[in-house]
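Per-chain residue numbering starts at 1, and chain names A, B and C are given in the order in which the chains are listed.
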Amino acid sequence: MPGRGLQVACWRGFHCSHTMKYHQRAAATPRRAIMYVPGYDDRKANKAATLTIDSIVLDCEDGVAINKKEEARVNIPKLLARTDFGSKDRFIRVNSRDTGLTEDDVSSILASNNLPDGLLLPKVNSVDDINWFCDLAARNGNLKSLNRPMILGVMVETAIAMLNLKEITSFKSNTFDLQCLIFGADDFLAEIGASKTENAMELMYARQHVILHAKAFGLQAIDMVYNNYKDLIGLQRQAIEGAKMGFTGKQVIHPGQIDIVQESFSPSKEQIEWAKALSIAFEDHQQQGKGAFIFRGQMIDKPLLLQANNILSLINNVNGSHTSS
Amino acid sequence: MPGRGLQVACWRGFHCSHTMKYHQRAAATPRRAIMYVPGYDDRKANKAATLTIDSIVLDCEDGVAINKKEEARVNIPKLLARTDFGSKDRFIRVNSRDTGLTEDDVSSILASNNLPDGLLLPKVNSVDDINWFCDLAARNGNLKSLNRPMILGVMVETAIAMLNLKEITSFKSNTFDLQCLIFGADDFLAEIGASKTENAMELMYARQHVILHAKAFGLQAIDMVYNNYKDLIGLQRQAIEGAKMGFTGKQVIHPGQIDIVQESFSPSKEQIEWAKALSIAFEDHQQQGKGAFIFRGQMIDKPLLLQANNILSLINNVNGSHTSS
Amino acid sequence: MPGRGLQVACWRGFHCSHTMKYHQRAAATPRRAIMYVPGYDDRKANKAATLTIDSIVLDCEDGVAINKKEEARVNIPKLLARTDFGSKDRFIRVNSRDTGLTEDDVSSILASNNLPDGLLLPKVNSVDDINWFCDLAARNGNLKSLNRPMILGVMVETAIAMLNLKEITSFKSNTFDLQCLIFGADDFLAEIGASKTENAMELMYARQHVILHAKAFGLQAIDMVYNNYKDLIGLQRQAIEGAKMGFTGKQVIHPGQIDIVQESFSPSKEQIEWAKALSIAFEDHQQQGKGAFIFRGQMIDKPLLLQANNILSLINNVNGSHTSS
């Protein structure tokens, strides 16, 4: 993807002034769906390259059995070299620190001349894990050849990670650009001994905790996997719920999940129409000296304008970013 | 409102002993509804003065368009001078720190001899914002003429504020008496990119996070605005829900919302009857040496007595505080 | 219960490697139900001894009226001496620090040669309260006669405790082995001025906050009391909900609640069958080099295996631990 620079802008528009110091990194590149593909599996990777999806993740971690780990980490640079993934963001997910496999992953993947757009570090428990990984990558890879920081996503999937989330999400570095906070719900549920239910009420706290921390530091917040890949109605319900909560995207595990997820994280026609009309009405009332006014039965003031602006920015990003490279 | 001293008491009664150090400031003045009135709008202010409502807020911030800001801050002291708001708490909401307008607000408002009962500082992101504001007010206003600390309410409406909430709510000063923590849901939703839904499930974490921090430090917790001012059934549902969660009051944006909100934050007849009967039964059983006993199908011990005492204290405050000045 | 050593194992199996440093203390002893019995009440204690329940708590605190406190603390050592509680865990709940009664409780109870298996400290607000209690116990009791640390459970029931929960749950000592974090919902509701509703939505944040902190440090998380002891359907619904959220057990206040609660915190036949089948399928697929695969309509990878392993470990513990002493 030659010439693809770092796309960084604040999609929240003018609203950001007072917190700009916290989220200069907020990414305008939409990542409504990110799909995992086992790093050794050329067939699935080639298929993925043909799909309309914002991001793909070539996986070395949980989607790869222990006896395929070496094959995956050797195959991924070749995949990146020969496959045209179009405008998709190409991430690689390495194995987590506790496995002892991360160093081999990094050596193989970052030594290549075909670097991905970003890296995902799973099972991050503390900012110390991120620092450890960045040091490892700096020692082993050829990141210096990049004319930009490497995009980084971190996955939080343990109880202790949730308790350390403020320091995790406020991570800063010159070499890595932390853009995504990804919620690994299945590992999290396993660790806290919980069971996934229909409405995922047992994850209410954790999901909103993740959103809150991501947004406080301008990161994208990526929601949990919906495991039952045949249940598209349940998928849609959960995706829309996540979007309304403030997630910016969702992990997918099957091509059949992509369209529903990407649509759920895009503004609807009704939302766009409402946002445009409100934006005009707000401007009119400001000129008349009215800070608050009634619009379609709701009392409107600046915060609702900001919500409208969010919708308009999002639709611009979704339409613009994946046709430009 | 001459002679109105600082009303400070712990409405939790004897329960407080072990945490008294944290909430000496807990206010007994009920603030079940607080209503915003644009600071430049004499007609609305005069109307508000005639209403039965616990608190009004003369607004310089989001209810006032940018070209009316000066008019609002000049008009407010005149309004306070000539208008009899009865026993209502009179707050002024200044513009937030990031706007660059706060200093002018403070200069105009606090230079007056007609000081309000309290000030609301919106979009507080950290305790540093509160300290900055208090310094500003001390330099510019005539707070020293007061024989009491100025009552302060802070609004939290950003993600970073939620992460800094413990230090915000534990703020202490000799000049300002922090009594209210107000949740600005619409700005918060805009910042985290969320959408308000019917049951507001996307705000579950944030609302309960606000209540928890407020109550840990003896502050009143004031719930979100219900924007659809014509939907009184929805308003009532959300107000009752907030009251049951532990909020002590709710922001309102229209006179038609006041009665429902104030009623929702007052104990019902059934609750009062239950509380009185339980209180008597508890005393009886204590004298018989029973710490736990069965009352109307429930196993009762001290914590349920405390809930009964809350109800009885609340009804006393509501009946008493607004007839005394 | 001679010869009963400290049962410490990680029921999460191999999943723990990366967080083992945080929860070496995770207890394998199931405490699905813990029931309070007033410390002065021999009849109830004798009855409790005959019941099939994981843990009983001889109470000095809220279940004991103020004029029975002395009787309770004197009676408890005698009860422990003469009563065979079988394999049950025997806890004693002392009065909280703020009452001024704890020292007398400790002097009476820990001076005895008939020590309980564990102590419960209620209304803990900070780790300082735990340290204070441990010092008190070390000075007054004969804990040195034990060949193991004393098991400790702490109850959190105030707003400030929730804000200090990370430091509370990371408490460590050589003399006490913190194993249980118990949520005192009724006191908590009283303090935050909330009201218990049918679905307990007002406690969503607090309950999941407790679970998260307990699990981050390897503690058991014990859910709230269901006060309406005649409503077994409501009890079951709440117990199952708590188990699915990640609680490991629940407080009970009536013998009629025990069976439903213990069953709710045990894996169902369907869960056990699913877990066994998935475990076998996972192993097969690993050998074929597949890290992710489809099983009964779900995409499975390592996290779901961990959930299956949890179920299998739990059923082993429940079957094993209470027949061995």
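Everything below uses one rule, namely that a residue touches a chain if its C-beta (ideal position, glycine included) is under 8 Å from a C-beta of that chain, and two chains touch if they have at least 3 such contacts.
What you see is a predicted model, and the numbers here were worked out from it, not measured in a lab.
S.K.: Pick same or different for copies chain B and chain C, depending on whether their interface residues overlap by over half.
M.R.: Chain B vs chain C: different; shared/all numbers falls short of half.
S.K.: In degrees and to the nearest 5, what turn takes the CA positions of chain A onto those of chain B?
M.R.: 120
S.K.: In whole angstrom, how far does the Cα centroid of chain B sit from the Cα centroid of chain C?
M.R.: Their C-alpha centroids are separated by 37 Å.
S.K.: In chain A, what residues contact two or more other chains?
M.R.: Correct list: 204-205.
S.K.: Okay, in this complex, where on chain A does chain C touch?
M.R.: 36, 38, 59, 62-68, 96-98, 123, 125, 157-160, 162-163, 184, 186-187, 189-195, 197, 201-202, 204-206, 225, 227-231, 253-254
S.K.: Which bits of chain B are touching chain C when the two form their complex?
M.R.: Residues 12, 15, 17-19, 22, 166, 204-205, 208-209, 211-213, 215-216, 241, 243-246, 248, 285-292, 294, 297-304, 306-307, 309-310, 314.
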